[in-house]
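Only one structure is covered here, and it is reproduced in the block below.
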């Protein structure tokens, strides 16, 4: 089906200058029969350069990107740019206001909802608007994540590989320009995720995991802010001095074997630290049973060699929770 | 009123050896007319020495103590001790199983519920049992906290001062024996908190904030584990080699002026790091409005000189949330 | 897909006389494995005239129509009519029993669910039954709305225009016969709404907004009761004296520019009254911040000239809520 | 017990000028271990006159008073007054932010919670603060109500009679000065309500019901705004021209016999209008059964002669809901 | 404190004839500011005999008594009795309408709430009304229970022993007259339960457990209906032929050792049947782990000899749930 | 669409021996960004015989099958079988852990979700995995049900008839081998149910209703355990002595006319017992109104002759609940 979005906005994407406003998603509910969900957007435009589409709040509980983009919106001066910057600092606005990964309205995970469908609920409507209205205007897409409430990360920029090598090259160049200590190349591109959707539209894309635990990491935030400016400079949109990018280490996550999952319900005591290199068979941690302290804790182990780049943040686990995952070196 | 507890247990507090079981709180609800809440307890006894009462899970989302006590219960060998160790690793069991500060049953904050009352709900019943049954057996009380879901701490041991200088001295000695990098002396002892209740019973008490954010910090957990052993050794209960205590820095929190509260609802970007020394008037952080990025962020400032020992963990704030508090040097 | 409904009924649509019963939607849940949602329906039939299908409770919190149809069901005497009257006084029964616009089961808004689908949840099943089973029997469709919990209206009858001028004429004649002080012609017919679905089936349709605020307006209720009798007389079904219809004023709502939305979260103080004629740029109202009374209230303004025919009822608003909309004169 | 409040504020009640801030209620919960509920308050002071304490948001879903006080706070100029005005525009702040009569935290109805108790939950703590801290400073108390979500009123000012005739006289004079079309004298003063608590403190008090249905009535709001200025002038605090008070009609509600309650669960169709004079035995309305339209509606009747001054706003009723109450003439 | 109830009724307890109505508990909430909880009551009176107070719905999910009393209310003919019968078929009305043991309003268990307090919530208010208003009128009290949602029983009548032997004798005589296959003598009388409260008022009391599982057992219902008539005949209130009482077996439950509790969370497979005689050490059942079927099920055992008179009904258990309890022979 | 499942497992379906583990459904939510739902599965394989696929927990609140399969998993010895047994003891794991018929995640009823769709939510994903991955490996499918929380059954085995007579014959033979006192032949096979889905895959299937009320019936559990062994023996997988099957009585349920539904909301008193033969027009039961005991109870009646094989378990009913259904003799 080729449905058209019902989302509308007073923003004029072709107008020069800075516009800060909303895209409006009609949402008719008991408390507001003719209500709209007002999703924030800013458009800053000048001259005739390329369009960068910068997004955060894909997951509502990932904050460095949300704050970095709020600050960028206020700081960008139209007269200092060439081209256009489209910013959605809280793409899944209901999730962002709820401080949650998923929407409180339909439990939708925006990053599993692309390319979206305007007839399948609010989160799918947002995905569909981004995919069908915003992506066609974009020459570059950056989606800023962190570990959210449940995960903590060794911070890294990332990009997803698609079938088009030239496009992959442009994404990798953008990632290198953005500049992080670690850069992860995801070897696949699920089309339900925003990078996969961007690839289908032929748009170079970068993402990244900056911090986690549902908190704001000051150092990571500073990295994101610097990286965004380097990216805009790389695109020729912004012409101002930027801090040099740090040397990056390229890594990748070969498969599900590089994840460890909780073997039972209880309190997880990790046996390793983020950034630590571990070997297959090494202890990953124990699940303790505080309601039944006489019961022996249940251990779990790594299945592969690799660096621990991600660990579960909350102590309470349910069987099947990811408690750690690893990455290895190489593009 | 002098009500008696309805909580009962099969544990015999006078029996030598190790008993790991439960104290049972009758709780008659739709899903279980004659049900009980089974709160874990262990008693390890040998010979005729003093009694240490070790507790965690006063707040259900503070984990280092819960895990340290589960491990201690399994590791303590009756034949190696002189005296008695009573352990409640998850005192507010319903909160602990819910991964929450307060009880999901009656929203009770156990550490605001002392001395408790068996007629005022489950959390008050637990407080009353601890106060009226366990405290009278104890020669020392240790209550292991962390920042929980909402706060992150510079880790410290602590004790509360009461009106009895000799008792204060015994508490401070125990705190020094426990051994942390920082030791905070709280200058008051609210009787609704467990330390205040212990003071009213004439029992030396220590506590502490080890980690936070609802996670498990490996280094802090190791500190707690070592400290518990040093404490038991200090009491003459345990006779085994222990790691030496680090040199401690004594600090205190003079009053509410050393706290900073969120000035509005939104995303809080901190301007300082934990452990940083700041001056009165220094910027503490900003509240950003991601749903309305055109609105200027609202700043807040420190009112006093001091070290930042506590910061809010989650980025989302509501007006009135504590975003930071400071301590200053001195006992 | 051409799925068949699973809704069944003991009502015989071809039987003469009055039947008051239910159409049954199988709904298998924990509390009732083989349960059904029993949606009330009445069929009154005599002789060989046309069929009027009268519906209310499309939105569960809109009451004048629900009460008017309950009274009509009890008052209609089969021997006094020629033809058939099918009445569904609470079409979205779960919403009606919940006093809510949308279904408590699947949050479905029945008036966004046509033509429905028996595989997509309870609300879609109801829409599909109405569309595929009831509409094919109907020569006229009246759907009685009000402003519901969130809106208050200048009361009006309405019809939607479709692509078939002859059908539009029949609808407009029915609307004129129904007889309200105001008659609104909606210039579009979204097929997800009941009128749009009726148009696709070739059935003349009228609707209207009678009252609001989740209350029952006695004068509006009387208007609806009289209008229903005039409509049945107009169709030749009922032959009895009816009160003459008042002279109507034809109006329309040209577009979204005739709506005003709340610019922030807070308490909305309206600056105008229902029925008032306002000009573009006129003040519509202010959002006040009772939790922060030092903050200046945020105003909003009308974008167009027109009569205020709808205002938000509850004082509390969220950004994006419709606080008013206007209509202008003309068919 | 003579507990002291734990609520604190940076506001200095003795300082001249205008202060707009908060009184802070410590509230330690999972999402904010050291959080506070920040209840808005303004103090405007000049010279040496009396103190008026003006309050709204006692019930969170009653809005005319909340908005009137927000506007008053911004408009009051210290240099224009003699004395002090203490304003709490949203006394039960959690209820006000929830748009509900009662607190979402402990379901507390502030106006059933006086004189309050700092150990019995948030709503009791607020009542206790008002009673023990604010009342002792006040020479006059005005508590601005409306019908809230569930009731609609013929608007009236009111006062409660206590045992002290001189105090009653001062309250009645204040009520007359405030100036409404109707003035109701409540013949009792339940000490759990704010007026009863004020009487126990020896403070003249007025209240009133201005509008209802959970909405904002513009005419009632204007009346409240004018009345507040007349009251401050009457007290000698404000010296500025005010609109003259309308002639009032004094009424009272002799007892529970002047109430009518819903006889069953269903949709209530009223048989009378607000302001109508009815006789004992007159029909008050019917309960309709939209889920079972074949069942006969159940009527209910007035038990006494009187004017209908209050009617239920929402159509859905449960047996026992007040559907109407009457008043009769006389002080 | 000697507070008076705020519950009121139109029922005249001294009037001859049959009155079926409600006692009204004022309950002011968002959906009904002046609402009441209408608790059903019937009073049937004739001549000058004693007063029987018959109650069910103490726990809302125990049904045989509720239905038996509804039928009795309709069947009792005033002219056939001498004395007075006061019937409350759904004492905890909110729980009864919710099909739950405890009130959905305040989670109150009415049978843990005596003697009640009008200032401590709805359930305490009901207990207080029964204790302070109804009990003083009663010469006999019967409270009809069953196992509710969570328990299944070998049906029995019961009475509680208090300190007054003469009163105990009158209760036991009433129990014998009521007539069940089994009669249990509870050796204690917790004053929070209705029988304990009746004893404190000097009123003979009987109770019983008739069925369970949240269902209606036809045979038990018939027993209750016959027993009620025998009880009224025993009191001299009713003079009509009744079925003879079956021979009863007197039993008692010596203590908590006669209960078995679930040793873990999971699915409980019982090893015995209701009514079976078991010995200390016999297997009571196993907890299975369907989410982890490789884990060995955990057994539990009886601690005493006795007859299994009660078993848990739902398969899902939490540690601490009562899975069975026993009784032994003897008064 | 031909989507592939995202569910994965470490279990190797082709490996000899016993594997007890999980199939993992990725489920990304706020509390676990990279979490999985770990659905238990066991595979026992030896030699080269056929594959039996045994399932329970299709509805989470039906327990005899869940326990029987947990026990079978532990008892099956690979060396004693020829072929393969695939066991899913809790197919809708979230529902099973919740003790509910439907999933707490998406309210999905697994037995209305076949053939499933990996893009339509968790319950559809499980159905799709069973249909697309497990069914293609199976030579026989047994799905073990009971009445669940809301129904009680005369226990019976069952099979569904499809269009292929040879396949029906194989199913009926399996049912006879399984061996119950009653065997019900369902004359239709809705493809949304597991048996209908199996028929579409050409797999013989049996099911059955063993017990109910959300409890565990010991006799029924024993029947299921014996039947499973007889079934495996019938397939040639298991070669060990089994108890002989009882003689069965073949019955069927001709249509919806053999169901009786609650005519109103209230307490249902049944007029018959399970297993009783009743005639058209016989009383089925009454709905009582305990909140309004003066209102006459509403009766309902059987429409057909037949044996009562199913009755509602909970006393509380809503209009439309199935209160009983009948079966008649014959295949």
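A, B, C, D, E and F are the chain letters, set down in written order, and residue numbers restart from 1 in every chain.
The criterion applied here is as follows: contacts are C-beta pairs under 8 Å (C-beta built on N, C-alpha and C of every residue); 3 or more make two chains touch, one makes a residue touch a chain.
Quantities reported herein were computed from a predicted structural model and do not represent experimental measurements.
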Looking at B-C, A-B or A-F, which one is a repeat of the A-C interface (more than half the contact pairs shared)? A-F
In whole angstrom, how far does the Cα centroid of chain E sit from the Cα centroid of chain F? 36
Centroid distance [mean C-alpha coordinates] between chain E and chain B, Å: 42
Using Cα averages as centroids, what's the distance between chain D and chain F in whole Å? 58
Would you give the residues of chain B that are in contact with at least 2 other chains, written as numbers and ranges? 38, 291-292, 314, 319
According to the definition of touch, which chains form touching pairs? A-B, A-C, A-E, A-F, B-C, B-D, B-E, C-D, C-F, D-E, D-F, E-F
For the complex, which residues does chain D have touching chain B? 8, 22, 24, 27-38, 106
Please output the residues of chain C touching chain A within their complex, sorted ascending. 59, 61, 100-102, 107, 109, 112, 147-151, 256, 259, 261, 310, 312, 314, 318-322, 325
Spell out the residues on chain D that touch chain F in their complex, using ranges where they run on. 264, 291-292, 319
Please name which positions on chain F make contact with chain E in the complex. 20-21, 38, 40, 42, 57, 63, 66-67, 69-71, 73-74, 87, 89-90, 93, 96-97, 99, 152, 213-216, 218, 221, 267-270, 273, 288-294, 296-297, 313-316
